[in-house]
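For reference, the structure I am asking about is given below.
Lettered A, B, C and D in written order, each chain numbered from 1.
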Amino acid sequence: MADPILSVRDLHTQFHGREGIVRAVDGVDFDVFEGRTLGVVGESGCGKSVTARSILGIVDRPGRVMGGQILLRPQGGGPPVDLATLPQAAMRRIRGPEIALVFQEPMASFSQHYTIGNQITEAILLHMGLGKRAARARAIELLDMVGVPQPDRRIDEYPFQLSGGLRQRVMIAMALACDPRVLIADEPTTALDVTTQAQILDLLRDLQQKRGLAIILITHDMGVIAEMAHDVAVMYLGRAVETGPVQDIFNRPRHPYTRALLRSIPTVMARPRTRLPTIEGSIPHPFDRPRGCAYHPRCSEKLGAVCETHEPPPIDTEHRQVRCFLHGGIPGAPPGTQP
Amino acid sequence: MIAFVVRRFLLGLFTVWLISVASFTIIQLPPGDFVDAYIAQLAASGSPVSATEADMLRKLYGLGQPMYVQYGKWISRVVTGDFGESMEWRRPVTEVIGDRIWLTLLLSFAALLITWGLALPIGIYSAVRQYSFGDYAFTLLGFVGIAVPNFLLALIIMYFSFKLFGANVGGLFSSEMTIQPWSWAKAWDLAKHLPLPAVILALAGTAQLIRIMRANLLDELRKPYVVTARAKGLSETRVILKYPVRAALNPFASNIAYLFPFLVSGSVIISIVLGLPTVGPLLVKALVAQDMFLAGTIVLLLGVMTVVGTFISDLVLMWVDPRIRHQMD
Amino acid sequence: MSTRRRFMAAASAMAAVSASSARALAQAVNNTSQFSASGLVGTLQGPTQSAAIPKTFQEAPQLAALVKAGKLPPVEQRLPSEPMVLQPLESVGRYGGTWRRAFIGPSDGENGNRIMASDKLLFWDYTGSKIVPCVAKAYELSKDGKTTTLFLRKGMKWGDGSPFTADDFVFWYEDMYLNKDIVPSPIAEMSAGGKQGRLVKIDETTVQFQFDNPYFLFPSMLAGDTLIGGGQSVRQSGGNSYGAYAPAHYLKQFMPKYSSEAAVNKLAKDAGYATWVRMLHVKKDWQLNPELPTLGPWRTVKPINTPTWAMERNPYYYTVDTAGNQLPYIDNVVMTLAEDIEVINLRAMAGEYDLQERHIDLSKLPVILENRDRGKYDVHLDLAYNGADTALHINMGHTADPLVGKLLRTADFRRALALGIDRDQMNETFWLGLGTPGSTAPAEAMPESPGPEWRKKWSVLDIKQANAMLDSLGLTKKDGDGYRLRPDNGQRLVIQLLAIKAFMDWPKHAEMIAQHWRKIGIYGDVKEAERGLAFQKIAAGEHHMLVWTNGGTELLYLYPSWALPVDVSQGAYGLDYAKWYASNGALGKKPEDPLLLEALEKLRAAAGMQEAERNKNAQEIWKIMVDQQFHIGTVGQSPALMGVRLASRRLANIPGRACIAQHCRTPGSSHPETWFYKS
Amino acid sequence: MAAPSDSERYAVATQWQLTWWRFRRHKLAMVSLVVVVLFYLLAVSADFLATSDPHETDARTSYIAPQPIHLFDDGAFRPYTYGLKGVRDVKTFKLIYTLDTSRKVYVEFFARGYRYSFLGIETDLHLLGLKDAGKGDGIHLLGTDLLGRDLWSRLMVATRVSLTIGLVGVSISLFLGVLLGGVSAIYGGWVDTVIQRGIEVVRSMPTIPLWLGLAAALPNDWSVTQIYFAITIIISLLAWTDLARVVRGKFLSLREEEFVMAAELAGAGQTRIIFHHMLPSFASHIIAAVSLALPAMIISETSLSFLGLGLRPPAISWGILLQDAQNIQTLALAPWLLFSAVPVILVILAFNFLGDGLRDAADPYG
């Protein structure tokens, strides 16, 4: 398979608050490929969104990317650029044209004080060096593309005048304004009702086919993953505990947490935003993350002492990676031995 | 949108009406009807009033009839611009007030502009640079601004200017100019005298607005649309000025609606301390001398001024917040 | 006989007056009060009248221009054939300049009236002790004292150029004074022995006041600041209609007699006045009506009820200097409205006024002196002759509260209150320790002074005696705070001190007095009120006592208002008593207090006495008043009222010390029209 | 990804504990709290702290500059001041005071002074006094005014008056605020609309002219106390709107809260719900609002009295003290009288910080 457009290596993002340090992202690795969708899944507060923001270098204070690499393969080939170390000015040229973001809660993600046209063209004017009129034309075109009816009229309306579904479409149009190569969709559908969800997902898939977009789809909804993703990264407490192609993950989940998640795929009729109830216990507080394997207090297949004392190292097999002593890595034991 | 304006306007009218009632009450407050007072005053100054004359005056003002009738007579004369005669000045009230009302308005408005001019940038600064030295400095300054009542500030400034220049800071014109009719020279003279009192007047309001602006902006900065904007690759300044600041403006604007009455009130007091030729000193003198038509009229005019100010700032608010503008679409 | 000789006659008739009181005043000046040490009290001086009429006359440049333009008759025709000739204090001056001055609002009319004082029929010289001609070039008092004849200046003109003649007197007397709509009740000044006199025209330039009884006092009355002698500016402004003459040719149009009641009322309606009387009150008021013809050195161009009260020279003013220059030297007087005393004093210290003696606050003197060079002004202190700048005028006619009324009518109660005041402390605090503490009696130097021993009578702090007297009045019970209780209802006895913040900060003075009275168990309740309201209260007789000056009483007969209940426009001692006196018993209420009655009778009798006898009589009255404490004196003979004079160093002919007294019309008797700007 | 502030400890804490814990984090607010408490203590013990009768006038002590107290007399702690001699300079007319260093006047603690009643007890005990003081001697920590009254002592009494006016006034507008705000929230509909418009109307009136108008109409033969209460009422008449808004807002938000619904389901009467469930739960907000309203009150009283339309002498309040300072001779000869401004500023600052602290503590996200 071709080189990834974007590969994240051992990413660390931390928040230094009055109460102490929160390791929101604590050593995440994954690759994103052209024309493919990477699904990042996990319970809320596991660091999904922070990962996304880290990639774009827009983590709010007091958060900072503390370590790791975010390697972006430039358009014309050549050695990959590490976004983690890129200066702000250069980073601004990445946001929009290279990597774009689609957000949850489209209502909140728009300013209510400007027309959607204004908010879309802004990026175009900034990055694509088009004139006002041309930019407007393109904006209308985009709106049309994402399936906004009467785009030439809608363009002068304000976000609060649109329905939720339309808003999300406009959001996507805005993200695509400068032909990004990577689109990060952070819970793009959680705020929407089921039917609209479906429409938006179709739209994304459709766009991906048309433009060979690489999509990072962040969600807590295994259903959405199943529908959309080619590859999956399962995150728990700031770590990717398991990564791999979607079928493998679904058919042969290796990490107990993944299994737990799969057991809890909500039915299509389920209300959005429902927590994943069937995993016993709740996510521990970020300050006191458990020693050893962070998941052990909730783990149904715990091996015993080792899980509580040692952190399981990444174990690679074929295209997959998992962090769990069930699959080896127990200190002292010969590699590869199955208990 | 139209509906919004209309509703505001009607509310304004209602307020004006209430204020007119308040003013009328104030006129009625002193014991005995004011013709008695009028007669007593003239008697005291050695000019007696004959019974027939007193009756004429009573009829003229509908005294002895029920209050609402008197109010009716009064208000109907007021709307025709006849506010009655000032006992002390022996002239129509309107003439006595003359320029003063405009000077009051001017002073308050100047203060309003200063308040905006200062509060906006400072508020943004201390929100964006939260907990920075500058932030703390301005916050402290703001609190002092709130804590020092403006008449006190005026007093202190008067003291220092006396110590330093030995001259009076009072007045809005230099003594030669007071006599002159309006001219560019006089306007310029006024422009030179205006800033000091205006700043004194503005300080308290500024302090409050800075706090409001800061708080609002801090909220707005946390909103997702800021992230969206950043994700577009806009420069930080652009992001902040275009989005959160714009959003923070509207509570700001709506607050101004209450700032204006506050300033008008303030102008009354500092005018008295600094001896400015606004309606302030006139009002206090009139009240002390129970020159009730004058006093009532001033209260009424100030009230109306504030209502108009409030109405205007409502329109401003509407302009900055499209949601209100499109409410009715 | 020629006018000239007649004037001599008149003067000789005056000899008695001048001689004694001039001597007296000389002493007053030499009497080195503690103020003198400061070197700010100069010698009494001012312009004098000269009998020699210059051959030629000159006028101000701008008037000369008007004459050239044919808009104004030449100066010779504007002046009377015998103008008043003033010998300026230092030198003949130069024309030009604007006199910048402050006033505090429409209630401050006196501020201008006093500058216009030379529209009085007779006046006083700069010493305030010698009657001199003014509008009238001479007068003659008949041997029997029953008639006083005034000789007017031939060819004298009103400010609008129309002739000023005996008819203007007749007009005032018949159409104004005798018109009940305008002057409802006759005035005491016009009556002798309780009978009203008459004003009669002899010829164009001669008028005669005729009385049925001797009225030797009448010339002094004409010269004094009295309802009859005050002059047009003061007596026909502020709604008054007194004085002795009025511009007939101008005022006739507003009087029913010359058209019809309906006509003038219509006129009034159209002009926005309730009645024709209201309109007349405004039209004849020089402060309000720039059109009104007047006689004084200046005339109003912007009325008093505007932020600036402005005046310009009167081209027909009847006075010249010894070189024949028509006065005044100064072109304009501009008074700017100042919101309050503080502002006035600040501006004065900043040198924004050229001459200001009114509203200057004695307690600021140290600061005023510090700023002399900065403001480029000199400071003169003019000492007054009256006994008390701050006096408690007791309302002996009080009835609203029977018990309080009874006490106020009890001599020992008044005396006790007087003994309970620490005058030295007041003097130290409010007069910078430089006033003269004591009773209300005039300066010892004054011809009417009862003598030095009366300064201290009942007027030194003596708490023991005061308490004893109050106890003996049965006010023995006291409450927890040591205040005496009313015998009738056991409540705390409260004596109200009505105080006005006018020339001095009287409310503060009252506050201090109230504090002193704590020691004699009297609760003094200070009631501050604005002037107009206070005088309404007084007119209604609600007050217990009023805190006010007794200025003017140094010449008792000319201004008894602040000594005895005689003034119907102001009932400080009981309005009913005043009505009774003024109406010669027809109206009002006869005082019960025999001594008050005696004092009033003596006052009335004075009209028929010759001067020497009159002064003796006055001394008797003072003895009664001080012994009875009708008014309680505190501190006086100070510059506190209009006596702190700030004069720009650019001004010339400014006296080192001026007479400040009601009858001197300060600064009137120093004739401001002779002041001028050096450059 | 803000750090959540509800750990186990918080989870079990009551509303009040929570508020208190959050409040303690505000250093400034804590300091302010102390300041305010101190000031009120001071107000209570005003007479005790006064060094001389605040009404006693004495010409010999007119315009004395603040006098230091020397603590140590040749080594030993024995506070004393020097006697003063005042002489009027005949040239400048200034009253010049010279220290009479030959004469030490010793300060004694718990000295006997003027009589006053403290909580009903008649006493003449004062913190500071002078041992065998001659006439005109006195402790003048802050100097004296024109009438020779001791500024420190007057300031003590003034503090009591002004602070209590603030309190009384606030309680009145609090009553109005809670009543109208509550009513408007509970009944909603047209009642709500009317009250809300009413509030807007009141807020868009220029308060000071109205105050002046009303205050000026108080008959001037009223006693000091009558005036005092009248003024308080006048001031609070226009000051209740903010409180009403706070209360209404809270009511509305609380109605949705589970525990209120629970109570309703449990069949509790409306009044019970309001007084047992709702009011307590936002009392902290009200307190915050009150402490923010107090300074406004105090400034109002001060302004009115300053203009001579509020309290009148012999009453003593901050406004009256400042009014005494509003003239040239004071500014030039006795600037220390301006010190009366300091407590005003302090108290207002303290109340503002306090209010802010409380508000943040009451709802950290509001």
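Criterion: a contact is a pair of C-beta atoms (placed from the backbone, for glycine too) under 8 Å apart; a residue touches a chain by one contact, two chains touch by 3 or more.
Because the structure is predicted, anything quoted here is derived from the model rather than measured.
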Centre-most chain [mean C-alpha coordinates]: B
Pair with more cross-chain C-beta pairs in contact, given B-C and C-D: B-C
Cα-centroid distance, chain B relative to chain C, in whole angstrom: 43
Interchain centroid distance [CA atoms averaged], chain C/chain D, Å: 48
Distance between chain centroids, defined by C-alpha means - chain B, chain D (Å): 26
Inter-centroid spacing, chain B versus chain A (mean Cα positions, whole Å): 54
Where chain B touches two or more other chains at once, by residue number: 162, 272, 288, 290
Multi-partner residues of chain A (at least 2 other chains): 60
For chain D, residues contacting two or more additional chains: 308, 326, 328, 332
Residue ranges of chain B in contact with chain A within the complex: 222-225, 227-236, 242-243, 246-247, 320-323, 326, 329
Residues of chain D touching chain B in the complex: 197, 200-201, 203-210, 212-214, 216-217, 219, 295, 299, 302-303, 306-309, 322, 325-326, 328, 331-332, 335, 338, 341, 344-346, 348-349, 352-353
In the complex, chain B residues that touch chain D: 11, 14-15, 18-19, 22-23, 26, 29-31, 143-144, 146-149, 151-152, 155-156, 158-159, 162-163, 257-258, 261-262, 264-266, 268-269, 272-273, 283-284, 287-288, 290, 295-296, 298-299, 302-303, 305-307, 310
Contact set on chain C toward chain B in their complex: 100, 105-107, 181, 184, 238-241, 272, 274-275, 277-278, 281-282, 288, 305, 307-308, 310, 334, 336-340, 342-343, 346-347, 349-350, 352, 371, 374, 530-533, 535-536, 538-540, 569-570
Chain D - residues contacting chain C, complex: 55-60, 62, 88, 90-95, 122, 146-148, 220-221, 308, 312-314, 326-329, 332-333
